[in-house]
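By written order: A, B, C, D and E. Residues from 1 in each chain.
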Amino acid sequence: MATVQVSEAEKVYILHGIRDDLRVDGRGCEDYRHMEIETDVVSNTDGSAKVTLGDTAVLVGVKADIGKPRPKVPNEGYVEFFVDCSANATPEFEGRGGEELGTELSNTLYKVFNNKHSVDLKSLCISAGEHCWVLYVDVLLLQCDGNLYDAISVAIKAALFNTKIPRVHISADEEGGKEIELSDDPYDCVRLNVENVPCIVTLCKVGHRHVVDATLQEKACSVASLIISVTHKGTITCTRKVGGGSLDPESIFEMTEAGKRVGKALHAPLMKLLQQEESLGKARQKVGFLG
Amino acid sequence: MPDCFPHAVTFPFLCTTMPTDTKRVRGPEVSQSPTLFLCKHVAVLPSHGRRADGRQRDQVDVRPVFVRCGLVSQAKGSAYIEAGNTKLMCCVYGPREMERKDETDMKCGKLTTDMRFAPFSCLERGSWIQGSQDKDLSLMLHESLQPAVCLHKYPRSQIEVNVMVLENSGSVLAHAVTCASLALADAGIEMYDLVLGCSIRQNGASYVVDPSYMEENSCSSVSSENQGGLTVAFLPSLNQISGLQSDGEMNEETLTAGVRTCIEGCYKLYPVIQQALTKAVRRAAPPPSES
Amino acid sequence: MMEVCGSTNVSLREFGCEQTLLSRPDGSASFVQGDTSVIAAVYGPAEVKVSKEIYDRATLEVLIQPKVGLPSVRERSQEQCVRETCEASLLLTLHPRSSLTLVLQLIHDDGSRLACFLNAACMALMDAGLPMSCLFCGVTCAINADSEIITDPTAAQEKESRALMTFAIDSKEQRVMMSYTKGSFSVHELQQCIAVSQKASENIFQFYRDSVRRRYSKNL
Amino acid sequence: MSPMKLCVPGDKLCSTEDCIPGTGIYLRHGCIYSSLTGYVLKKNEGEELPVISVVRETETQLLPDVGAIVTCKVTSINPRFAKVHILYVGSTPLKDRFRGTIRKEDVRATEKDKVETYKSFRPGDIVLAKVISLGDVQSNYLLTTAENELGVVVAHSEAGAQMVPISWCEMQCPQTHSKEFRKVARVQPEFLQA
Amino acid sequence: MAAGFKIAEPLEYHRSFLKENCRPDGRELSEFRTTTLNIGSISTADGSALVKVGNTTVMCGIKVELTNPLVEAPGKGFIVPNVDLPPLCSSRFRPGPPGEQAQAASQFIADVIESSEVIQTEDLCIERGKLCWVLYCDMMCVDYDGNVLDACIIALLAALKNTKLPEVTINKDTGAPEVNLEKRKGLNIRKHPVGASFCVFDDSILIVDPTAEEEGLSTSHLTVVTDEKERLCVVHKPGGTPLSAEKLQECIGRATARQREIQKLVDKVIHSVKTAQ
């Protein structure tokens, strides 16, 4: 992953600052950087969103395709994740450089969504055992400036909110077989319930405290971080320790508590923002990628 | 006679079919596990009372483990662990010359981990090619072990940890962590502490420690809240958590309680592991004379 | 170019060989046994990859290309047989830390292909002018249902056979350098087949000599 | 005497006030912990406090370190340097091979500018050398033979026989009596007679 | 300091032992290492065996699956043998797809199965042209100290003898197969092929059951596989220095003796497993 070199003196400065709840960019320990969200940015997807968090930028596209349900759960659709670390984000990703990080991120996303409530998979079923919707969630990293997980999860939630799945009509043909018809009307579509989609909070242990939304400099001062994905109810769907160091149990408990608090608080404003943008309809001013 | 030499490179382009595995003896294109055609369905596991293998529910009742060190003659260190039917083998090679020197600082050694499943290790036959699940487990193993290894003592070199799952009967990651740390210790690699792994499966209000494969994969419909798995890697004498992973849905209290239970499980394992190691040392040589 | 390679008691199909038929490689040969035909090309001695470097001898790589498709495990196993046979006859210590590559392309398979690979390999190595301690040749014997031994069988004869053996024979003492067998057989049958192969090898080495002589008489 | 204590990594052995730290241990919060599985060994070396170490049946894997004497085999030479495989660090064999480089200017201490690598080493020679640097990202371990005790200890002539040193820069084949140039080490180690 | 000699001049080191007609590990030239066998230890496999030949350890697990027979061979099932030499078993193997040695070993095992007819693929047919068994035989080397081929054959043979196929009936109405995992029956093992491997040192000295180090230093390898009727199934010599007829005869003699020893061992272990149940 993109890393920066931090000198010893700088480390001490950052550590002391965080000890006093004052970070280099003026934030408190549990504050996020400025976040911008824009949905419906890629026209050839069924749902998309672009999120910038500080200088981290990610783009998420959701594509719905008709597939066959998995044999073990015939009455459910499924979600596939793919994270592409483009060489745009950092030259280190060139060639196969980003592959490892890409699989790490996508494997974590599978874990985050590995429960019954995050996405209602039953609603994705078209006809049991035969057809279902498969949601392909493609994440593209445009720029890395720390805290990829949080930015990605917010972008996924926004993109899923934005996703419009065409309505299907099942009719029986002459031979008794089923025929699937997609609605031609672009407005005749189903929306997903994203209420339970979790957001990821990454807590970085710096010194004896932990910070939310760490910058690359702060990350360089930390030995380990904890990833926690939290729903709006405060249910934790995934936790994971990342980084080369270890954490003592007490700080894990503290971080879980803080992560839950921060994550829970993230959902309401996010949903409000998404609904606001949606309500603007066509009147909304598109910012796009150059804005 | 052809006038130009038909060189190797021209042929792959002629074959436009699916890339087939040319490096193994191939069987039929498709085959299915007989378990898909069972005439009788397998009995559902009990969700209360005693567990299927007679262990206690809601208690730190780990399976008795059998451990041996130094079985593989070619490796620097090796360990075999058997917990119930879960059987794992780990070999450690190195420190040897670093393969890719392009990376970062040479003052520190590098730890590489590789975890894979034997094709016959699971209920359904696995493929030969390492999937993303194996890669994710390798990464988790790496994160759990790295904090314990004194890598600064091995400049310019890499230490390789290879884990092979011979039979998967649940909690493989937890046992892989324990097995790998045993193998590292057997190899004489300097470490700050041993690393022990333990996992639990939460099922509504009750939980099972060191779940079997069936317990891991059965999700009862009794309660939809608080369902999930948790694996912890723990350094017992430093009281540090080096690896943590959970999925499913849990509230904060359940998660914290789960982490505590796992730590307790690790402590139960500790004396067995210590004994296995000291036994291996004693077997290798009598104590040196005190001079 | 073609010549009937028959003798009193071992019958081989019509053999043919042409050396230096390709311009790019350092040595090349085509070898034809009846309808089975192979082209061999040798590259080297050339610079070797650091990972494959052997400090006191040359590294030999053998690549077998089937007629269609990609090489499979069977080709890999045959590559091993051809490579180790070549390594035993080549004086590799004369070219330390260098690489030799032998590419064998199957043109048509009508039985005895491993033998044909070996023969083509030997002719190509000779053509490349690499120092060798001896020559080698490949002979395939099939034992059919009536327990008759057929040398240099065709694909149809191979299919009907109950056992199939391929040997590489050296030119110095006519001993077995390589052996690859299929089907089950008795010890006596094995000895018979080796004896027949040794006999056949005389004819093949004579054929080698004739075709090399013909080539040089033309050039000079 | 009570049986020797065994320990595993992470075991707390004693406080730093009781012992002087030796090998196979690490310090944390003023205490000495074991970093190896092995026997706890306390040695009194005339000082006030005993030295505490953790030792194993075999010597633990050593890595070539600056200043260490290593035994290596020459794999290739060119006018600028000789490439070697390090086989031993001191008397401990390495299980995996590490590569090293002896540069032309590190072959001997005097008349450095007149050194010719092919008159000093040949591929296959067994050489005693000293590590001078761990090298950087691109290079291997850098070694030197610029001491009288360092240099070629075993060499074979073109006839294949093991040669006998006749001076600090020449060796002779016992079969053909031909002489070949080498940077010869002064002592012929005793292991050749083993 | 014999260890120094061993690493610096390994070939000379071995020669000094062979001169005295013995080997560095104390064996005589024609002595096999101790062979031990453990059968049926993997419950997820339909048949399994663990073989140790000295340090060399190979585990064979067999998984059975259902498939359709080929159109050109409607009455035959499949046996798919593969040998895996993972980086775990020795530092000489790197992670990634199987290397040349593993591929050649897989092909060798496939040849042994075909030539010896240890199992006839006709026995694996359930319904002609419709359904048959495929036996995936995976041989995993856990510790590589030479002579994997012999170990693989023993592991395979023992695992095949341990394999139990579940009962399959074809539902008359739906045509779908129905499997009863409780009712199982063993495979029909028709032959007992056993291999013996040899190495040639310096073009003349023949040694049996080479270790990894001996394999690396020798000039030629030979594996002879025989069955209980003293017929040869495979005489595999992948090149190397030539071998005289007398030496070859010696190898065959040793191989047939080995076949009897190993078959006895396999039968004994199978028997002890049965009585234990």
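Note that a residue touches a chain if its C-beta (ideal position, glycine included) is under 8 Å from a C-beta of that chain, and two chains touch if they have at least 3 such contacts.
Labels paired with UniProt names: A = Exosome component 7; B = Exosome complex component MTR3; C = Exosome complex component RRP46; D = Exosome complex component CSL4; E = Ribosomal RNA-processing protein 43.
Keep in mind the model is a prediction, meaning the values are calculated, not measured.
*Asks:* Give me the chains shared as neighbours by chain B and chain C.
*Replies:* Common neighbours, chain B/chain C: D, E.
*Asks:* Going by C-alpha centroids, which chain is farthest from chain A (Exosome component 7)? Tell me that one.
*Replies:* Chain centre farthest from chain A (Exosome component 7)'s centre: C.
*Asks:* Need the most distant chain from chain B, centre defined as the mean of C-alpha atoms.
*Replies:* Of all chains, C has its centre farthest from that of chain B.
*Asks:* If you tally the C-beta contacts for B-E and for C-D, which one comes out higher?
*Replies:* Spelling it out, more C-beta pairs touch across B-E than across the other pair.
*Asks:* Could you say which chain's mean Cα position falls nearest to the mean Cα position of the entire protein shown?
*Replies:* B
*Asks:* Averaging only over C-alpha atoms, locate the centres of chain A (Exosome component 7) and chain B and give their separation in whole Å.
*Replies:* Going by mean C-alpha positions, chain A (Exosome component 7) sits 28 Å from chain B.
*Asks:* I'd like the Å distance between the centres of chain A (Exosome component 7) and chain D, where a centre is the mean of that chain's Cα atoms.
*Replies:* Chain centres of chain A (Exosome component 7) and chain D, defined by C-alpha means, are spaced 53 Å apart.
*Asks:* Chain A (Exosome component 7) to chain C: how many Å between their CA centres?
*Replies:* One centre to the other, that is 61 Å.
*Asks:* Just the number, please: Cα centre separation of chain B and chain D in whole Å.
*Replies:* That gives a centre separation of 37 Å.
*Asks:* Please set out, as single numbers or ranges, the residues of chain C touching at least two other chains.
*Replies:* 73, 76
*Asks:* What are the residues of chain D that contact at least two other chains?
*Replies:* 95-96
*Asks:* Which of the chains are touching one another, listed as pairs?
*Replies:* After working through each pair, the chains in contact turn out to be A-B, B-C, B-D, B-E, C-D, C-E, D-E.
*Asks:* Help me check something: in the complex, which residues belonging to chain D touch chain E?
*Replies:* 71, 73, 87-88, 91, 93, 95-96, 126, 154, 189-192, 194
*Asks:* Would you tell me which residues of chain C are touching chain D in their complex?
*Replies:* Touching chain D: residues 53, 55-56, 96-97 of chain C.
*Asks:* Where on chain B is chain A (Exosome component 7) touching in the complex?
*Replies:* Residues of chain B touching chain A (Exosome component 7): 36, 132-133, 135-136, 139, 143, 146-148, 224-225, 227-228, 230, 235, 238-252, 255-256, 259-260, 263.
*Asks:* How about chain D: which of its residues touch chain C in the complex?
*Replies:* Interface residues on chain D, with respect to chain C: 74-76, 123-124.
*Asks:* Which residues of chain C touch chain B once you look at their complex with the stated criterion?
*Replies:* Against chain B, chain C makes touches at 18, 21-22, 24-25, 28, 30, 39, 41, 63, 65, 68-73, 76, 103, 105, 107.
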